[in-house]
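Next come the structures, one after another.
Each of the next two complexes has chain A plus one more chain, namely chain B in the first and chain C in the second.
Up next is the complex of A and B:
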């Protein structure tokens, strides 16, 4: 059997601090290793600081999902202080987080994932010419459209939070100030314009029509129904992806985790079970169980950290230690596990755990794939937009209502802020002692999805998702790239110096 | 429209903290009338909105490969955009932003200049870059080199 290991694959949109190596035997991937090559150490920066510093420091972990880190940091302090934010604080927090998700979902799908459809490896694909016209880097019509139509979304965070970037408007028990009526009205205008474009160009139909797509057969019928459906970004994703075989690769570990997100205000027109728009839970296949935060643990057996066995993040540490581990440790990313299991997190996990019929049907039928994972991401705004619209309307009708509970004091204690980031489950575990941060552990979605092996030798989620993929050209394994990008790895937010191209 | 000085980078990374250090220096004293200061952080494409409200924009950032260690360099928008070699990614920075700029703005494209610094910077470099950025932002003549 011909076998070779290819190191540091040229994934040009996950480059930098992610290195992926694969072993290819007889044209198929037989093993994979994913390495995060950058030590961040935010956890250690936090120790000894004041309890509120996480609200300022941790949003700088990421330039794309900074509001998510702010939310997680604030929720951890809510928990420690025993505070429940008032309804209008919940609405503002939710809307800010949701617009960040929607911008990320569209940009990642069009500018990163579907950009691969314009790759020369697909020059023989019947839709390649159309893909080039849509997704050619910095020039394709869809690429330019996506930038134009998403550029104002983030302004909503600035209007609601008073500042963007580096917003820190969430405080223990709520938010720092109430946005003006004029600012809320402006937010509605921005979100309304985005919704109109999203329905016209991304879905090719109304959100209500998309919501009626309840299983795989209905998806096929929807695609055949109208040319607008086929010509939208969702329709093109399905048409190109199926013809390229993306619906048959990258199934993943078959276990899903969502922390849940978007608490419902006590009085709201938005309906959802369990008090949150997105349910929390763990799913093995499509069998859903309640989420138990006590079952989260971090394994560092194959990462460059001091190893005390798998630890719950509340008891965890981030102690870099690379000596004497040659050949075993290969990543700066730890290996989080849920009840000892490898899981995937992200929009597909949210959909399965939330019991959304289309994705439960697709996953239940054994059709989880890189394509289904991406479909979940590109269509997530269809779930979020009606709630955003409702909550902005409720902010107008309840203007002047309380926005914060308590007086901002954070006592000594422990708490966790668990939330769904654009890429999946994000947790901040915080311990305050003697008025200072004594412990701060963060598990990002990419740590869940891009982890190295654990002490039992089990691969991380996207390492496992690559096994068995047929690779046409080992020097340019675009198939593996599709699988990894369907998880939307987020590793390169740290350094942005303008580099002269070689 | 006014001018805008946008300092970008990551203050938690020694390799990329030049922009934030210049921001802190500029923020410590009043700027001339008509010049707005922005702490651009890692915002990337999301800085587009700032470029829609100014006629001149001066970015301040760390650079790599344009000059000798410790040197400052002034680059035009075209020179920076020319460094864009691919598509968008999580690390897409100024080159990608300036490459797509003419196609995604709803207003006339501002005159954009980059004040860059190569390698580790001392306080003198930060001071000079702050002064240089202010001078460029205040000039009518777009050819400042």
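Up next is the complex of A and C:
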């Protein structure tokens, strides 16, 4: 006999607050509504403030990716002022941002994603005892390791940016301080120690060996090759995840967006096409097209905002309207769409758009899943670490070169700062008029991934990814949790701001 | 004896958790272990099922399970129109849950400036408030007379974010039963009784009034770049950040983030001044004497500072 129940469930370990309603019929999820339940108010709070204030205000939107918001804010001001940061400013900005991504990738994977593996719902899983020893909150061996190693890694941002989180060391045209040779040497030592740990405990092999894993078959061969590969965090993720069926759920919308990231300095040994380490683009399946910023628009038909139809963020507004939309609205998150389409963004999207063979092969073979998405995140540091090494080395050999262009003045004008955050595409659209901020719109990765429905009724990316999942216990649907957390939600980022009362 | 702790994230960014994870000597796992802290719940770390978490909250708010320490991170949102629904949990305003837990807790800790004073959303349509202050005004969510079960007011561990070592040290004091002396805004004097300016490696430049006027120069950030270090209590240059440095050391002005009126309305990266003398002077100085002192100090400045030879 058919059973149909609807459950409202809070999800934690998602950087903020998320409530998801799921409809379960005959043991499978048949519909889902994802709601951001917190409205913090930053965008309109920016209006009327000084032109540089985005550098101080916006990092405070998010505790885990404050350097990323700082980067987006600084890039928007670079664009408005028409400034190109000198090479050493580019290197310092890149290194700090990559360090922030790596701490986030490790913390999210170990403390937030794999913590579910230690959940009592898996007590019958053959790897449960090992999972408990590794991932019990703040007590498992891997959890303790992750806290200690990421804390040390973050010291790099302490050295280059003064503190983490919430510094403002990126300024229009560059950075505020030239690190000393001693500072750079210390950074190299910290990154070297992190790399050694990452290779030993996370990958279970060298970065070079991991980089040779070029398709799904090679991934299976790599896992079978050595016990070290199986015992690392990546190996455990694959073994537990496959046994739990995470490779068969949470495929996502099949469309990917990346803004691209990490501008190459004009002179550098780091090679990449298009002047950036990570390419920008839109991929439908694995067919990649150039990114066009004009195709971004936000729909608020199902969010608690005044609705003027879908707007490009340069023309966007944030007018909370809790009683509007005749009962359709269910979230404080807006619904951004690219060329009208629902997309996913994040490390998997970066990998597909960047044409990286392993993920192109898996996605191309229709094997995108919650597990593949998490694999892309946990292995992203393997892509970033060699470039961090190279740019720190170049900071030694170019010491004394300029770190900032221009005078720090930002004229009236409009500009956008688009970057890849740890969780995917982040954009700041800024307008300065009469020496003050006149408009500030932000689209976060979680707005892309965790959006509500749009005017056409299409579900957001992770709403859609949950459809069809078999759940053993509707009161505690850990399966849905794996899918949602594979997008690395950041709800504190996805929320918007209201106007200060005069 | 074990202490239990419930960590509530409200209207904030999670940055105080991220900061806390950076604490050293001891690090977070060692701290929790050596103090025998039973972390009942932390939004970013716990893996209780929704049902088990719901039961826990019922026991704590009903008082059938004692709560030793409540940590609140993020502002309490009271908007729109006093309903609190800008921050809802299971269809109900989170502010009511925070108040219910606070009434049962042995000690209440406001972690960060948002939980202490309201922070960014205070005075906005989100109607953000701190637990026992709204900006400089005492009251907040819990009221001016609120005392936790152990007889202590809310401990305001201010900062945006709170320096990573402060919470651990407050927990050490609570576990040891040592009294915690507080300033007028209920911030522990051990941590907020020192100016951020103190220990800044640009202090010589400040002393002789050699000023930074453009990003990347060596010089003091107080006179042109909007540095609030001499007006702000905090451990940033005494204990450093991430064991390594501080914002002012790398040319980023102090924005006064431990102050109850943070963020100020005036633009950042700029010092309000009258004929070159800042309108807001270091805390407690006599304006006339300060101006005379700075004129004389600038005249006495050594060449190694005027030529920006001395490192910062």
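Just so it is clear, the second predicted complex is superposed on the first by the 474 of 502 C-alpha atoms of A that agree within 3 Å, B and C clash if a C-alpha of one lies under 4 Å from a C-alpha of the other, contacts with A are read in each partner's own complex, and residues count from 1 in each chain.
Convention: contacts are C-beta pairs under 8 Å (C-beta built on N, C-alpha and C of every residue); 3 or more make two chains touch, one makes a residue touch a chain.
Every value quoted in this text rests on a predicted model; they were computed, and no experiment measured them.
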| item | value |
| --- | --- |
| Partner chain(s) touched by A:178 [first = chain B, second = chain C, both, neither] | second |
| First (chain B), second (chain C), both or neither touched by A:403 | second |
| First, second, both or neither for A:143, with chain B first and chain C second | both |
| Which of chain B and chain C A:160 touches, first, second, both or neither | second |
| Touched partner set for A:4, first chain B, second chain C, both or neither | neither |
| Contacts of A:45 with chain B and chain C, given as first, second, both or neither | both |
| Greater chain A contact set [chain C / chain B] | C |
| First (chain B), second (chain C), both or neither touched by A:37 | second |
| Chain B/chain C common contact set on chain A | 12-13, 15-16, 42, 45, 60, 62-64, 107, 111-112, 115, 137-139, 143-144, 147-148, 151, 154-155, 164-166, 492, 497-501 |
| Interface residues, chain B side, partner chain A - complex | 8-13, 15-16, 39-46, 48-49, 61-66, 75, 80, 82-91, 93-96, 99-100, 103-104, 106, 114, 116 |
| Residue numbers on chain A that touch chain B, as the complex places them | 12-16, 42, 45, 60, 62-64, 107, 111-112, 115, 137-139, 143-144, 147-148, 151-152, 154-155, 164-166, 489-502 |
| List of chain A residues in touch with chain C within their complex | 8-10, 12-13, 15-17, 19, 37-42, 45, 49-53, 55-57, 60-64, 66, 107, 111-112, 115-116, 118-121, 137-139, 143-144, 147-148, 150-151, 154-155, 157-169, 171, 173-180, 186, 320, 322, 332, 403-404, 407-408, 475-476, 492, 497-501 |
| Residues of chain C that touch chain A when the two form their complex | 9, 11-19, 21-24, 27-29, 32-33, 39, 42-47, 49-51, 53, 77, 79-80, 85-91, 120-121, 123-126, 160-161, 214-216, 236, 240-252, 255, 257, 263, 265-270, 311 |
